[in-house]
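Here it is, the structure in full.
As written, the chains take the letters A, B, C and D, and residue 1 is the first residue of each chain.
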Amino acid sequence: MANFGGHAIPGVFFLLFGFWTTIKTILHHYWRTHQQKGKPLMPPAFKKMEYFEGGFAVFASFSGIMVEQFVVDGPHAHLYDTVNSSWVKQMNWQHSTMYMFYGIYGIAQVACTVSSLVPIGVNKLTLSLAFFVEGFLFYFHVHGRTLLDAHCHSLLLVSVFSAAAGSMLEVFIRNNIIVKLFNACMFILQGSWFFQIGLVLYPLSGPKWDETLHSNAMFITMCFCWHLAMAMLLVTSTCCMVWFIMRRFSGRRRDIEIGMRDTSNKNGSQKALLEESDEE
Amino acid sequence: MANFGGHAIPGVFFLLFGFWTTIKTILHHYWRTHQQKGKPLMPPAFKKMEYFEGGFAVFASFSGIMVEQFVVDGPHAHLYDTVNSSWVKQMNWQHSTMYMFYGIYGIAQVACTVSSLVPIGVNKLTLSLAFFVEGFLFYFHVHGRTLLDAHCHSLLLVSVFSAAAGSMLEVFIRNNIIVKLFNACMFILQGSWFFQIGLVLYPLSGPKWDETLHSNAMFITMCFCWHLAMAMLLVTSTCCMVWFIMRRFSGRRRDIEIGMRDTSNKNGSQKALLEESDEE
Amino acid sequence: MANFGGHAIPGVFFLLFGFWTTIKTILHHYWRTHQQKGKPLMPPAFKKMEYFEGGFAVFASFSGIMVEQFVVDGPHAHLYDTVNSSWVKQMNWQHSTMYMFYGIYGIAQVACTVSSLVPIGVNKLTLSLAFFVEGFLFYFHVHGRTLLDAHCHSLLLVSVFSAAAGSMLEVFIRNNIIVKLFNACMFILQGSWFFQIGLVLYPLSGPKWDETLHSNAMFITMCFCWHLAMAMLLVTSTCCMVWFIMRRFSGRRRDIEIGMRDTSNKNGSQKALLEESDEE
Amino acid sequence: MANFGGHAIPGVFFLLFGFWTTIKTILHHYWRTHQQKGKPLMPPAFKKMEYFEGGFAVFASFSGIMVEQFVVDGPHAHLYDTVNSSWVKQMNWQHSTMYMFYGIYGIAQVACTVSSLVPIGVNKLTLSLAFFVEGFLFYFHVHGRTLLDAHCHSLLLVSVFSAAAGSMLEVFIRNNIIVKLFNACMFILQGSWFFQIGLVLYPLSGPKWDETLHSNAMFITMCFCWHLAMAMLLVTSTCCMVWFIMRRFSGRRRDIEIGMRDTSNKNGSQKALLEESDEE
């Protein structure tokens, strides 16, 4: 799908996934640091979130594959054209393959949540493999493109492989909030960079970019760093917002419930936070 | 052995090794999570499996070396031809070298099982080195090949070096089921990819592939991802099968032995699983 | 800022940062090993040091950006020149981007010190990203330079990416004195190497270097190793100096306070040191 | 020193260092697993071994620098020849730099042993840096050599960087016998490979090798794997020899001392070994 839409749609998905991961991480963190001695069980809402995430991944990847295959100029599930002795629409097949691995991630995510027999961490491993496959296919994707096109896609690989490495790390280091937020940051970076690629290669308005100019490639490199800074800002502000909403919301509820234990609780939560960070 | 058979034979071995590793891992895991307080000793069957694995590796690598050396057009243990001032059949010597390292792995595996003086983990280190040597020799193997041939072998390196890294990780992180299954997945991927290489370079039927066509190389890249997905599916389904067979088999035995403790045991096993994954 | 000053200024900052990190590390270490049972709280001076470091980073990066933008031949905050259809002063924009990330580090450092809600380690992550961005931009910076210029900047990348990796390691392995001193060493190496680059490309006196001669590039490679040795020497001697000053200073104070407990305390401190190193 | 001797001398040193490390590791291991409850202190012989190692490294590196500088055709401490405007004997200066870093290792080794104030692990860090610098200089050393010469030195880099990585690992994972023996193996591999390089480039007898022939490079690649196998064999057999000598020697002494506690002790040692390996 070599047009602006074909880059904007995955961009939206990765942006949403990044924000979703940030919110989930902060909710988990809030719950862990504010949890009361009497109720050590995880609230069922968290499990529902995991199911939703997995289900959505399966649904989105299935739709993605269908669209790639049965769009008007798609391969319609034909792989090899024996008449012309050539492969049919390799680009669409490659995108379908990428989507399939995100679908596998969705299945693993649901399986991990449903059954305690599935080892915890399998979902992160499949997510890491999904990113790896995406990066792997993109790496061999850029052959024979113009300088700017190839450079844009190479920069994308930086965020894709960082996300793959970060997710792999989560298999071994679970519940480390910094790793989780770093990954969220990489998802957002990837999403916003997809938009940027779309805007550079298929500008909505104005003249086309000169794809062979070295100074354009240099600007794009710098622009990638700005996207990184913006992704860090977005993750940070989302974290703050969620945290303060949770505090206000649960503070009020607790006020009604238990009156004036607030101050001691707040101190407790801070200490818990400190201890948690230390023990990692 | 530049023919289909020469790629199919190692393929079969790696496929078998992958399935064997999966089954062993799940049996170990089942035993660990279902083990009763009264019998903390590992059943002797596990030790026998380790001996068998090591012995088989030594036997297979010895046979492999013999075949490579004394096949009709082999080097017959001659390294340098002083008459023509040239090396004799370097390909066969390289394959012999690869086999030798798998033989060393077999010896280390047996030694680790026999004597408690051999540090645990040495077998995984030698396995990792065997994969490393295989990848190392393949890496310098592809010089001067056609585009498709070189690309197929480069993709093989991805699975070989992943297996080497995964086995090295097992030296330090023992008993992590995800690492073990990931390795099994890489062994199966390598095995099935050997078959694929054989089929692409020496097709059993139909026309030969055009080894210089870029679109063929692109298809092969995508195909590698499909093999990865299939390897993941095979490992998962093998795990499920072994797990349910074990459950049915041991459930019935225990029913006879101890009557109706079944429900509490099942809960216990799930909790044990959770704890185990957490402590990693 | 393609002149000697443009390389000397960042050089000074990195040198100072290296010495500052060394001194901070040793003070922390001294305090931890000499801390008395009765006062387990960190002295407020450490918090002030963290604030100072963060504030200084923000201030320096802000000044840096302003200077790069509003210097006489700077871009004056113009990014694209629509008249000539070209980017304005990309070099200055790139340097501003690098400074911005050090500013982000400063903000994270202050935030980490102010609030216990910010996970410990975020400051090190942002520092690591700042180094990564610096290396990333430098990597694409060297296109089309002379052999010697490109080689000097490539060697700089070795120290930049080592510092990025070392800082990332600190996110996970906190309070390991060797990691901290290694990072300090890399900061000093980077600082002194900036000076060296300035001296090689824009010599203060004498003839210009022949930037295309291979033997010059070889000498520069060796020279980088000498800088590394010197950085190690500087870190070591700073450590010794700080340690002995602290010992003399605190020894005298304690003498007055508690008389003759000195010998037993010293042994205690050595044992504490040993234990600490062992538990890492 | 472009002759056979110039490669054989470092070869001998690395071989000796490899064997020394193996023996030291096994002695430590034997002592740790056989140590009696009553005497938890490390025997003074171990400290003396560390002093000897450090002192020898300092002495050898000092001699090496002196020889490189003041050999008949050496640079005699002149760096730049102002008459011809050229660098003097860069090769000798590079070798001197390498030796200097091994000297720094020696100093760190002695300092670590003398004073408990020096953090444990600093010696391994300096050893890692020494290998890194060696590899770093060799990497830029091979420019403009013949195919075979460059390839031989590239293969050397594999063992050098493996030794650097292994030593770096020892900073964080101390007392892991597998890491220590792996490093010893890499030292021996490096030593024997130096001999091989000497034999290939400056053969003692027979015709010179054709340094541009691809099949020679292929043979050398395979030969490197054989050296690796031999290094593994040498480390293993040294371990076994030292272990059995220690057992016989200390068994007899203990027999005289405490009579017939032998059997129970042996079991204990095996259990200790198992536990140790498990806790890693």
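Please note the rule applied: a residue touches a chain if its C-beta (ideal position, glycine included) is under 8 Å from a C-beta of that chain, and two chains touch if they have at least 3 such contacts.
Here the structure is a predicted model, which means the values were calculated and not measured.
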item	value
Neighbouring chains common to subunit B and subunit D, by label	none
Subunit B against subunit A, contact positions shared by both copies (same if over half, else different)	different
Chain whose mean Cα position lies farthest from subunit C	B
Distance from subunit D to subunit A - Cα centre to Cα centre, in angstrom	45
Between subunit C and subunit A, distance of the C-alpha-averaged centres to the nearest whole Å	32
Per-residue multi-chain contacts in subunit B, two or more chains	none
Chain contact graph, described as a line, ring, star, complete graph or other shape	ring
Listing of all chain pairs that touch each other, if any do	A-B, A-C, B-D, C-D
Contact set on subunit D toward subunit B in their complex	158, 173, 176-178, 182, 214-219, 221-222, 225-226, 228-229, 232, 243, 270, 273-274, 277-278, 280
Of subunit A, residues touching subunit B in the complex	86-87, 90, 93-94, 97, 100-101, 104, 116-117, 119-122, 125-126, 129, 133, 136-137, 140, 143-144, 171-172, 174
